[in-house]
Every structure is written in C-alpha cells, then in structure tokens.
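Labels A, B, C, D and E are assigned to the chains in the order they are written; within every chain, residues are numbered from 1.
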Amino acid sequence: MSSDNPSLPATPLPRVGQQTAWRDFLSFTRQRGGFQLGLAIVALSLGLAVFGPHIGPYPTETALPGMPLQPPSWRHWMGTDVSNMDIFSRVIAAPRIDLTIALVSTAIAFAGGVALGVISGFFGGGRGVPKLLSEGIMRAADIIQAFPVFIFALALVGFRGPGTENVIAALAFLNIPYFLRITRGAVLQVRERPFVEAQRCAGNSEWRIAFVHVMPNALTPPLANISPTIGFSILLTSGLSFVGAGVPVPTPEWGSMIAIGAPNMMTGQWWTALFPGLVLGIVILGYALVGDGLKEFLDPVNKR
Amino acid sequence: MAATLLQVSDLTKIFPVGGGHQLKAVSEVSFTIRRGEALALVGESGSGKTTTGRCLLRLIEPTAGHIQFDGVDILAQTQRQFRALRPRMQMVFQEPYDSLSPRMRVGRIIEEPLRMLPELDAAERQRRALEVLGMVRLGRAAYDRYPHQFSAGQQQRIGIARALVTRPDLVLLDEPTSALDVSVRAEILDLLSDLQAELGLAYLFISHDLTAVRRVCQRVAIMYLGRIVETGETEQIFEAPLHPYSRALLSSVLYPDPASRLSRYVLTGEIPSPIDLPQGCHLASRCPMVEPRCRSAYPPMDRFGEGRSVACYRAQEMRALGGLTTH
Amino acid sequence: MLALLRYAASLAALALASGTAYAQSVECGNAPPADQDLTLVAAYAASPPAVDEVAFTMEVENIMANTYGGDLVQYKPVYWAEHKVCGAGTNQEGPKQVTGRWAESWTESADGKTWSFKLRRGIKSYFGNEMTCADHQWSWARGFEMKAVKFFFTKVMLLDKPEDVTCPDPYTVQFKIKDRNPLFLQLLAMNYYGGPFDSTEAKKRATASDPWAKEWLKNNTAGFGPYHLEKHVPGEELVLVRNPNFQPRPAVGRVIAKIVPDSATRLALLKRGQVDYAMRLRQREYNEIESDANLQVIYHPANFIPYFGPVQTNPIMAKQGVRQAMAWAMPYNDILNKVYFGKGLPIKTITPAIYPNSTEKFWPYKEDLAKAKEVLAAAGYPNGFDLTISYDKAISEMEEVCTLIKSNFEKIGIRVQLQGLPSAVYSDTKFTRKQMAHCDNFQWPWVADTGYTAWVYLTHPEVNVMNAVKNDDPELNKLTEAMFVTGFGAERLKMDMRIQERVAEDVPWIFLVNPGWREALKKEWAGFVWFPDNNIHFELLYKKKS
Amino acid sequence: MAPILELRELSVSYETQGGARAVLSKLSLDVSAGEALGIVGESGSGKTVLVRSILGLLDPPFRTDHGTVVFEGRDLRQLDEQSFRQLRGGSIALTTPEPRKHLNPLISIGRQIVNVLRAHQTLAEQAARTRTIELLRAVGIPDPERRLAAYPHELSGGMCQRVIIAMALAHQTKLLLVDEPTAGLDVTISRQILDLMHELAVSHGTALMLVSRDLGVVAHYCRRVAVMYDGRIVEDAPVEAFFAGPAHPYSRQLLRAAAASRGKRGAEKRVDALAEPARTGCPFRPRCPVAVAACATAVPALQQVAAGRRARCLRAEALLRQELAA
Amino acid sequence: MSSVRLLKYASRRLALLPVQLLLVSLIVFVLVRQMPGDPTFLYTGPFATTERVAEVRKQLGLDEPTYVQYVRYLERIAYGDFGLSMRTSQPVVADLRQRLPATMELILYAVVFSVLIGVPLGVYTAIRSKGALNRGVFVYGMTSGALPDFWFALVAIFIFFYKLHWLPGPIGRIDLLISKPQNISGLYTVDALLTGNWPALASASGQLVLPVATLVFIYMSLVLKNTRSAMEDMLRSEFVTYARAAGLPRLMQWRYALRNAMPPIITVTGILTWFLLGGAVLVETVFAWGGLGQYAVQSVVNSDYAALQAVVLFSAVFTMVIFLLVDLAYFLIDPRIK
C-alpha cells in the first residue's frame, strides 16, 4: 500500500466470510472448464470408491467361465484379462483400494506435516527446547527427502513387505516432509505478520499463538496441495503394485492390473493394460486439475 | 498516583549477526513518560525506535537496562508474571490489516486481550468490545464482520479498539499511519488525539512521519543509530533543534506549504551500517561540526532547560544557529 | 578318437538294450553332426545367483547340467512315439533306465552295499585335465562340506561320510553305502549338483580360508561337461563355450544367453528371430509360437507335479475332510483350459504319469461344488473359513491358477486371500512352513519311483525340508522307508500302489495340471532329449539340414 | 511555452472477470517544456497508471481504450515499437519508487547503465564505461570506478535511486517522469534525492512530471499541481495559488489532512473519508461536504476557475470566494 | 577471487555431507531390519541343514546385537563394502558399478532433452502467452504429469515395437547380437562414439529412443512449467518493466528476465534429475534396461537386502550431490548469496 502497484488496482485481500467464499467459489468454478472437469472426475472417483465394486456388471475378483483375454465387446466393454475377469468391472472397482490408500495416507501426511510444520516454522528462530525440536524436525525432513521418492517408497515397502497397510505407511511417511515444508513456509510468512505480535500483546502463550492463531492462517497452501498429493499417491501406489510391491492380486488395483496386462500387451492384447492406465491417468489428471484450480482460487494474487 | 508512568533507563539491545559481529540496535536509551502524555520516538530506519518499543512490551527481550512501569520493574518478571501487566500496556500496529487475525471476526479479535482478565464473563467482554467499537466510531455491525470487509482506515480503528479494550494506561503506537493514505491518516491522527484527551492515555508514538508527530505528541525523543540524541517539548524541538542530527532531520521535512522555507541543514553521506559501530558519536562521520573528541567518546546527555536534553558536545553552538523557519 | 568310438559303442549297446516296446527308427541322443559349428543365442529369464550348488533355481540347474554334464551314469534316451520326442526312458523299471556317462561299467556287491564304477579313459575337462577317481572323491567331500544339494543326495543314497567314497585305482570309484538301495543308480544319474569337479583346477583356486574354492566356483565352472562358462555378467548375459576335449563334439560351439526377465519380450525376440531359444514362457506364448512357421515348441509330458498344498501346521488344513473338500472344489478343467489351454495333463497321483506304476484309479476328485460343500460341512466348516494362498510371484502361471482357485473356493464359502510373494520370500516361508496353503509348480521328482517321490515330499517332516506341507502320516512314513530298501518286485509294487491310494485318500497335496516340458526354439534346431531335470541339453542340439 | 506532452481524453481500463473498470477516464493534461508539474492523489486514483500509460508500459489486464498521448507533436500510441523504444529512456525517462526492485539484481549496476546507454546510441564498450562513470559521479555516487562492479543489493536504497536517476538522465531527456520519489526512503535521504533531481532537471532543461502522495514534495519542487481523483484531474493550478486555497473540495481535504497541526474542524459536515467514488454524477460526491443536488446529475467538467487554474467542481468558484473570505 | 569464494562455499557445503550420510545410513539400516523373513535362507538354499544356517548367520554377522551390526555396517561402508548381493553373488559395489552407467546414460539424455526442449518452450510460451502452441503446451503440461510412466512406456512399446516395428524392443541397452563398445565411460553411446564403433552406436542410440522419449514426455513438463512460470514472473517484475521503460530492446529485456529465471530453472533441473532417478526405476523395469532402477526392483522382489540398501544409500548420495551442484550453480549465478 506504500505505492500504487499498477498490476493491482485494488488491495488484494483474502476472503474468508463463509457465504461470500462459497459464492466466490461457485462463480470461480463457473468460469473454469478445467476445474469443473477436475471436480467431476474427483466426484466420480469418490463415488466409484464407495459404489464401484457393486455397480460393475461382473464380479471383480472371480474368473468368469469361458476363455480368457476376450477383446472389448458389448459384453465386456474393456475386454477380459488372463483370468477372464471383466476389466471394466475391475477398473471401476479399483478406486476402492487406490483411493483408500491415497486418502488415508494423505490425511495422515497432512495432519502430521501440518503439525510438525507449525512447530518447526513457528519456533524456528527461537531458543531452547522448541528450537531444538524445530531443528530436529527439519533435519529429519531433509534426510527423508534426500531419497528419490519412488526408490524410497520401494525400499520402505520392499523392506516391510507388500500390503495395503505398508503402502499407506510408506506414502504417509514420504508425504509428511512435503506438507511439513509447505506449512512451514506459510508459517514463516504468517509469523512475521504483526497480528502474531498483537496476539502476544493480548497475552496468548506461544503454543496457543502457534496453533490457534498462526496455524489457521497457514493452512491454505497445504490444503491446496491435498488434491495433487492424492493424485501423486495414486500414481505411486500403482507404480508399487506394478512391480509387485503394492496391493496383492487379484484385488482390483490399476497398477497391478497394468502389471497383469503388460505381458499380454506385448503379445497384442492391448486392452488388458491400456484401459486401467487410461483411467488411472484420467483420475490423476482430475486431482491435478482440482489442485491447480484450488491453488488459483486460494492464491490472493489472483483475487480481483 | 505517581506522575511518572514509565521509566526506561539504559535500555540496550544487542543482536548477534553472525561471524562474531554485533548489531547494537538500542544503546543505553533512557526516557520517561508521564501519565496522559504522548511521547514521540522519532528516527529514520535503523535508528532503533521500533526495537525500543518492542522491548517495552517484552516482545523482544532487552540485553540490559531497566523498565519501570508504574513502579514495577517489568524486566525482573517472568513472561508469565508479566502477562498480568499486559492489559495495561497495549499496542497499535503499523499495518492495519496484517495486525488483525484474518480468520477471526472483529468481535473476537477485540475480545482476545480480555482473556487476560478472567474476571470478565462473556457478556461483559462483549459489552466492552461494543463500547470500544463505539469509541473508535465503528458501529455494532462491525462486531460480526471479518477484517477484510473493512477499509484500511477502519481496520486501523479496529486495531485501536483492540488496544483500548483492556483500558490500558499506555498505548504503544508503532507507525500507526504510515500505511495509510493522506486523508485517512489525518482521521486516525485526530482520533488518536481525541482518545488521548478523553481517556487520559499515555502514548509512545513511534514514527518517522514528522508531521504526524508534531500533530499528536507533546514531547519528542529523536533517535539515531540506537541512541536518543535529543529529547524535549515538541514545538521547542521542531522550532529549534539543538543536535546536528535533529536539525538535519527536521530541516528535511517538507511541509505542504510552498511558502514555508526551512533553512536547510545538510549532513553528508549516508547512514552507516549499524553493525560494529565505532566508539564515539555515531554521527561523527557525517556531521559538519565534528571535532576530534566526537570520535573518541560518545557525548553525554546534557540538560538544556525543562525537559530538554541533547547528546552533543557542541549543542550550545547549535543554539546560536537559531530557529529553522525562515519566512 | 578312441573315446568317440567307445561312446558310439555304448550308444549301440543302449539301442539294443532298449529295443523292446520303444524300439524306434529314430535314434535319440546321437552324436550331433561333426561338420557343424554353431552359435546358439538364448533368452533366459533370469541370471543364476551362482553356478554352484548353493543356489537353487532353474537357471542354475541349466548351467550346471550343461557345464558339469552329470555324474557317472545317466538316463537312457528313448523315443516317445506318441509325443514324437526323445526322452529318458523313465517308464522302465529302476536300473534299466540308466546307462553310463563317465563310467563305462559298474558292479554292485552282493549285499548291495558296495558299488564300483570304472571310468572311461581320456575324459578331459576344459582345462585339459583328465578325469580320475580323485576328482570324484574331492567332489563328494566338497558336497559333505557344502551341506547343500549334493549333501541331500548323500542322504538319499545312504552314503554316510566322505570316507565312504574311495579310489581303489585312479580309474575306479567305489562307494560304500549303509544299506541296499534299489534307487542308487537312478539317483546318481540325476546328480550334477556339485560336480564332478576338475579338482586339479578347482584346487588351484582354493585359498587357505576357502579350501573348497566356494567363492571362485560361484561364478566359474570347472567341470568335465560339454560346456565351460566363459563369461557371466549377472543380470545381463552368460556365455558358454564348448569344452574342446568333450566327446562327441557338440555341434553348438557357443551359447550366448541373454537375460530377458520379461517372458513376453523373450517371446517377441524369438518371433523376430533375434534369439534361437527362449526359456520359460507361458502357455499362451507357446501357443503363439506353435502358430509361427519359423518356430517350434518341443513338448514332452515330463514329470512336473504342480499342486495345491494345504500346510498342515495350520489346524484347519490339518483336517483331512477340509483337504478333501478343497479337492472337490478345485477347478481342474478351468486350470487346464484357461491357464494351459488344454495342453497340459491332469495329474491324479503322486507319481508322474510317465513314471512306472503310475495310476489314476485311486483319485476320485473332480470339480463338484455341491459335493465339496457337503464334505466341508461334514468336516465342521459349513460356513467356510478364511484361507490365505501363497505363491511365487515370479511364476505368472501360478498367479492365474490361484486366481481360478480363489474364484471356485469362494463359491463354497472359503474366503480366499492371495499372497503373491517374491521368490526368495516364498521359498523361505514355504520351507519353514509358515504358509497356510500354497500353489506350487517347482516340484518334479528326479527319480522315477513312487517311494522316492512320496518320501521326499510327503513324509518325515522333521528331516525332510521338501515336505513343505508338513504331512506326517505314519502309514506313509513306514511305507516309503520300506520301499527304500526293498528290491524291485511284486512286494514293492504293492507298496507302490498303497502309497498312491493313501495319498488320494488323505490328500496331502491336491494335484493340478502338469504342463509338460516345453521348449521354444527356431524350427531349424533338432536333437532334443528330455531328461527328468527338465533342462535343455545344448550338447545334443544341431541344425537340421534343409 | 508550448507543451511537449499533451494528453487528450486518455482512457485506460482494467479488465476483470466482472467486466472492465475505468482507471483513467478521458484524462487531458499538458506538460510544458522545462516545467515541473506535480500530480497528487491517493492510492487508486490512477497516478501510476497515468505514468505507465504515457510510456506505453501497460500490459494486460490494463487496456488503453481511447485518447492520444502526444509528445513533441507525435502521437505515441501510433508509434511503432522500435521508435517508441528509442524514445523511452531517451527523450522520456522514468524514475521509480523502491529503486532497488527496479534494478536487475543479478547484473552489476555498471553493466546495467552501459546497456541503457548502448540501447540508445552506438557507443563502444570503453566509451560507454567512461560515460557511465561520469554519470555516476554526476549523481553524487562516491568512488564511481569501483561502484561499477557493485550489484544492487550492495547499495543502499538512496544509492540505487541515484543509479536510476543516472540512467534516466543519460540522454537528452526532455521529460522525466518521477514516480513517488520518496517512497521507501528516509526523510534526510529523500530530501537529498529530490534536490539532486531538481537540480539536474533545471540544468538540463528537463520537464518534470512528479507523481506523489506527498503534498510537501509537490509544494517545494513543482510550479504547477494537478490533483487526481478516481482517474480524473479534478484540479489543475499553479502551486502558490493551490496551496493558498484549493478550488476543489477534495484538494481541500488533502491539504488539511497533510497539515502538521490540527486544522479547524467542527464547522464542517462529517463525511466518510473512505467512501467509494460514486458511479454517477460527481465521483467525489459521497465524500464531499459541500455537495448539492446538482452534483448527482453529471460529472462536472474541468473548467477554468481563475487565471491559469481549472477545477472539476460545480461549486469551485463558491469555494474560492469562501476561502478568500476566511 | 570468486573461485576462492566458490571453493570456500563448496567446502562448507561439502562438510555437511558426512553428517547427512550418517543419518541416511541409519535410516537405511533401520529399514533393513524391518525386513520380513530370514535372509540366511537366501544364501543357504532350502536344503541346508540347521548347522549350515547357523554358520551362514554367523558369517553374515546376523547373530550379533543390533548396534554392533550397525557399527560393523558403518565400517564396511567406509571401506566401500556393501556386502554381497544374494541374487547375483557379486559384491554389490561391483553390481552397482556395472549398472550405474546404464541409469546415468538414461538420465543424462532425459535431462538434456528435457532442458533442451522444455526451457526454450517455456520461455517461448511465457513471452507469447497466446496461440495454439500455448494451448497445446498447457494441455500437455496437465496430462503428462498425470500419466504413469510405466504405462506410457508399455503403450509406446506396443505401438512402436509391436505394431509399427519402427523401434527396437525392450531388451536393454544394446541389440543382443551387437557386442558392447569398449568400456571407457560406461555410457554406450559415448564409448561407441569414442571408439568409432558405429554399429554399437546405432544400436545403443536406437535402444535409447523409447525409454528416453518416455522419460522426457512424462517429466519434461516439470521443466517446462517451471521455466514458464519463472519467466512469466520475471517478465512481470519491476526490473524488466523498468528495463522496458529505459528503452532496452526486447531481446535485452528477455535476457534480463531469463538471467533471473535461471535459479529456478536450475533448481528444477536438479529436481528433475533427482526425480528421474526414481522415475527411471519403473521405466528401466519395462525396458529391461539393466540399470540401477531395475536392480532396485529386482532387489525388492527378491528381498536382496544388501543390494537394496546400497541402491537406497546411493540414491541418497546422488540426491545430495545433485543438490550440492544446484547450490553451487546458484552461488555462481546470484551475487546475493554469501
């Protein structure tokens, strides 16, 4: 406000009031085709996670009578796999496991990352135990992030053995530093804002300032990153399952379906791996679009 | 009731800046504020005025010195004990919007300091909040709204209301108008003056806006590189500053009047880095009146009449230069 | 030259000896044409962790079979007319299946406890050292030391200690065993796990801390077999070169084996003519090869026993009724048709169909879910139970089989969880009997004898590691032990039959489908012989004259 | 004196998702050669946009809808990019608030000045360096030879502003656009800078267009003052006359607000200093203490109210009389 | 002068490495202890007797307390001994040395092409914010990040190898029957070029096309998007606006912007390299590339823990080195860093 900024004629202010926020969100959504598409995909994927295993025309884990590897037809829209299971039914049932893993691991990572991020960000410059805590958290995050993501995920699952819980644990573990850093970055900015000192003047304790006053104002960046993280977790899960370190067969899971289909693809039965991958890509795209849209919506620079 | 509300003596704050260097942000600063008095702490960036203010509220822990608030040595207290005194010392911040929690309603923001007064129940807290909202000329409607729904001037009033809700004795005003446009700034300054008169508040007004200071404060302390170089009654100092720095500073003020021509008093060079300052007068490198002794020892604060002190060996000669205004 | 003549003579003798029901115009195991000097490019599925007996994978077997070339005796190749392929004459009784390899003749003492073998002269290793009894002695001593596969053989052969192998003269090897053993020769014919080593060469590589040259022999070979391992880049390639001293001279002078982990890629390479031979494909892929004019699939019924194994450490699996119910619920036809495309053979007894005395008559089970449900209820599980089936993830056919089993079992209320495990973890948990049940196709009895087979896989769990299902049936235990020391004849046949009947009653294993021995090559290759090791023996291969 | 810059009915709008919003509305203004014109107004009044639109620096979402910008007889809006480029930093130069942000942080200041020099004239590297040193010396940077290699972050804000001035005055500058010269600088430093700028402008015969919120700056460094409100000039007067008594109620508010001592209040009607500009009629109406019914009908024209001064207010003459009476 | 500063800075950054490494090794060690099953079995095979198992356990040091094992482990690492791979029976270090060049070759080309295509495209789309190319780039940026790389690789193989027969199949780095070029750098293309081994060069290049194209397609958007946004930010920055106001030519304005966009571009190149090491895992697996990534997968699938921990350790060191280089590059570009 010290000078006129030509690119921003009006003071940019984050909007918070529930009613206006909702109205803003609706009007924002109306103008963004990509965001709408993303929301639709996300909604559909969530719907499939709940109902998917029940609405497919065929059972998802039992072989059908007849010869396997039938090409796509009216009976089997995406064909059948080597065990003569209907690929379409399995593809739409897959969100049950893929999304569960992604949502649970992201939720854990979000909760853990935000809490640690607030501590490390807020107490970063301080002294004594909180400072040591903050330093320790950051070093730990550095180390975890020194490993390339997929190799570390592979190692975690490799050393602990495959299985849904282990995949969730590995992904949560991997994503905690990510949320931690985002939150910390936001906290470092928020804690420099004068209202923090105002709260100190109002007699708040440091922990209360950190979690009651600073945290809510630092949530926007991590919140905006939930959606892409879910997408990324789905991608990692499928990668792990692809090499057999993830979800056990024949649970419908996109990555393991691609793995099962891969050898058939080489012998010309392209439908076995093509469709699961395509749907996987679309779902991840949906989460990425929603993430991008939310980032844009929540970013004060884009406010009029 | 003692007339002196706040007595600061020899306040020093040193920041380590790595590599064994020190940043002496505040050096042996002493001043007093009487009840109901507005004292301005004036200086350019890096002068230590803000650090001084923050030390008073113990938002920063000073390195040395004493601060007596209403007879209590607040530096001897733990942060927890000090919390009991906080309602009596409040603060108004520079950025009107940024000093308000964006995700809280105005009512809650204003009531937040009242948490320190556990004897107040919810109804009483609300009554008090509405009362101060009235004082700063914002209606009851403001109570349920969010800060961003207000203009910058209104936000600053919310900040003032928050500072007043605990009925403090002393309010620290940290550049309260520097982020505001001219006309808004005038309104806030008028409001602050009115409130001071109505409620008998004492102010510590930290600013580099000299016209604002002249408008609100009864007394002025001028700081340069961590030291107070001159204190005194506002009009006295603005008319005829006795320290070379004060003179240079005040002669730089541009009043909105083409007829007012101040006799310019120009310092050479720029403000040196506050890190590892040499002993001796901090102005020595820029002062047109510098003498060898200025470089060897820092000049003491000498009294020049009632409430007037100057830290310069050649203050007497400065007096001979006369007033600033030449019409 | 002399050696060649001798070998030819022994082949002629063999032809005479086997000239009964299987006498054929097609000769098997002949010396390949001497005018060919060929290179064979192979696509292997994996690289052997080592070329010594410490490791235990199909690739290790393959390399060892081709570099050490077997023991004193070997199986006799005969022509199997119905499959149009040469194979070991395993349907013969006992010693008749066997002919000499390094030994030109042998004798058994009257009490059956002493065996003497006369070595052919002039057998030379790649390094040029002549084979003597000392090499055998050293190899057996090493086997006792290594405590691996060869050590297992000593147990079955009833050989007690290294000192029981002696050298009356440099060209005679003598064994003293604890008791008469009718299977002695057959066991010896299957043995190429650990030698015989060219001990002269191997000793050069030994060190004070490693007197048995374990380190060197992990990545190098020192045998008298037809090939020598010239190069081994783990995970990348293996190169075998002809042992110049081996007679008869193999037509294939060089085998380049590239490691191509993905079976579909191996298939693609073969179809494009970039390799001559692709190892370990899936049935679907073999089908594709059969329809390719330039390629061929060699098939022999072989001795595989893929089975579903309820591990009896688990109390539910220990119930005979439960095992029988599962046998009734098994989707035999689906497995045969969907996984093996009708190409395999249903298995209905513990003894492979090509082995003597094998009979299907005791096996009552076929897919009958109603019956299965009834039996299951009678066993006390009307509502089924939770079952975890483990399998080796590296063998994709097993995954398909298990998926089919899961489909059927769930129809009778058994809730199935599949557990695909990495090979190493799978074999660890399998042999430590930590699984609840498994699907397995890694079993093929090396000796064509019901007693041997049942003994190895289904008895004496306290000593038999291979008894991964922890079957411990007193009757079976007794029968197998008795068969070990009973000579061929009616009494032994009775025991044989009872074992097969008992296994069908008690169902320690539920037999699935035997896919047979399948090898995929370019059409121009010939000279295949199936041996119970299920390996391809490069030394016999040659190119057909067009 | 003939104007070197003539703005005629310049209209700029800002594109938002809700539609275009006017930032400058039919703004007309002249600057004479060698003249010092001050432009004052609050945040959002369009001062900075005005400066940038003269230089053709506005990027979307800003849009110049209408009007002409005539500099030395040429309409800049019709100019091709190449000729305009020659003009920028040549005949028309700009100084900015927060000078450090306007210098490239990764390039030494010497190189940056050399680049500017060589963008406008063919100059050998060595000659450009020599000229740069001269310029730095001229703007009072001590030890200029050594400072050539310095990076912006190594210089104080005041020094950076001097560098910017050096670049602005590197050529035969006819018009210097000075945007908020005191923002971000300390009192003593900004005074030095203003003095320097003023001095150089006078000696070069450069016209100054000085945009500021600070009436004090305008009072001391300008001959003429134009007050902007809501994208329009509401008053345009010689400095002495203006500070003696403004003809527009907004100007009066500004002046009173800027005073060092508290002015007389009470007599006037309380108004909300923050009310948004009205969309119909006089935009200042909601904040105007002297508004009458007629103010609601149309935007008043910018009329001559006295010799050499114009105001956009129906009551301007009444105000002037009142002011004189007081 | 600046080289001295650089050296000082580099040595200070390098001094941090051992501490990081120690922590990394601890994590890896702890991870290894999580492994299910007894690794001894893998060495002994299923026929081994109890004595033999005990003997191997002792040989492997598995009978000692955990902290002793950690200290031993550190000692061995210090001597460059990462143990024997159970799968290949080779020292893990030898395995890594063999496979590393394969991965490096893949990553090198992927990074080079990503930067060569991504940066100019990013700069171009930042400068010209409209048009079909921009639209296309936007759609590409959105979709490429969403596609699983391994699936993309499979589809690419299906189309270009199986259907069209344009490109060689997924059989690793060089055609089976063409002998490898003489080992100089380990990168086949480089070595073949150096030794003038044209058939090997042709084959190695052909084999590289699909995996590199896959990696570039999937991961280049990272470079592209970041370059574009950094460039857009810089073009909007005050100093570029001022450069324009000062009459600098367009090209010079873009150079100013690009110069300042370099730090984020370098960072993202570092991140890309780091990411590719992980991304290469699956792509290598699909293409049977025989590099570190495939080795990692095979180690996991076969519970080859010595191999796996070496891969994990190496990848961490690789990451640290990459980011060290990024920091040094920053230091060279940005005079503000002390």
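Convention: a residue touches a chain if its C-beta (ideal position, glycine included) is under 8 Å from a C-beta of that chain, and two chains touch if they have at least 3 such contacts.
It should be emphasised that the depicted structure is a prediction, and the values quoted were computed from it without experimental measurement.
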{"item": "Minimal step count in the chain contact network, subunit A to subunit C", "value": "1"}
{"item": "Set of chains whose contacts include both subunit E and subunit B", "value": "A, D"}
{"item": "Leader among chain pairs (count of C-beta contacts)", "value": "A-E"}
{"item": "Centre-of-Cα separation between subunit E and subunit A, whole angstrom", "value": "23"}
{"item": "Whole-Å separation of chain centres (CA-atom averages), subunit B against subunit C", "value": "93"}
{"item": "Gap in Å, rounded to a whole number, between the CA centres of subunit D and subunit C", "value": "94"}
{"item": "Mean-CA-position distance for subunit E and subunit D (Å)", "value": "54"}
{"item": "Multi-partner residues of subunit D (at least 2 other chains)", "value": "43, 59, 98"}
{"item": "Shared interface positions of subunit A, touching two or more other chains", "value": "1-2, 7, 161, 244, 262, 265-266"}
{"item": "Of all residues in subunit E, the ones touching two or more other chains", "value": "36, 162, 236, 300-301, 303"}
{"item": "Subunit D residues touching subunit B - in the complex, by the definition given at the top", "value": "42-43, 156, 158-159, 186-192, 213-220, 239-240, 243, 253-262, 265, 273-274"}
{"item": "Subunit A contact footprint on subunit B (complex, rising order)", "value": "54, 57, 59, 83, 86-87, 89-91, 93-95, 97-103, 112-113, 115-116, 145-146, 148-149, 152, 159, 162, 179-180"}
{"item": "Subunit C-facing residues of subunit A, complex", "value": "61-63, 65, 67-69, 82-85, 161, 244, 248-250, 260, 262-267"}
{"item": "Touching residues on subunit E, where the partner in the complex is subunit D", "value": "236-239, 241-250, 252, 256, 259-260, 262, 333-336"}
{"item": "Complex interface listing, subunit E residues touching subunit A", "value": "20, 23-24, 27-28, 31-32, 34-36, 142-143, 145-152, 154-155, 157-158, 162, 236, 274-275, 277-279, 281-282, 285-286, 293, 296-297, 299-301, 303, 305, 308-309, 311-312, 315-316, 318-320"}
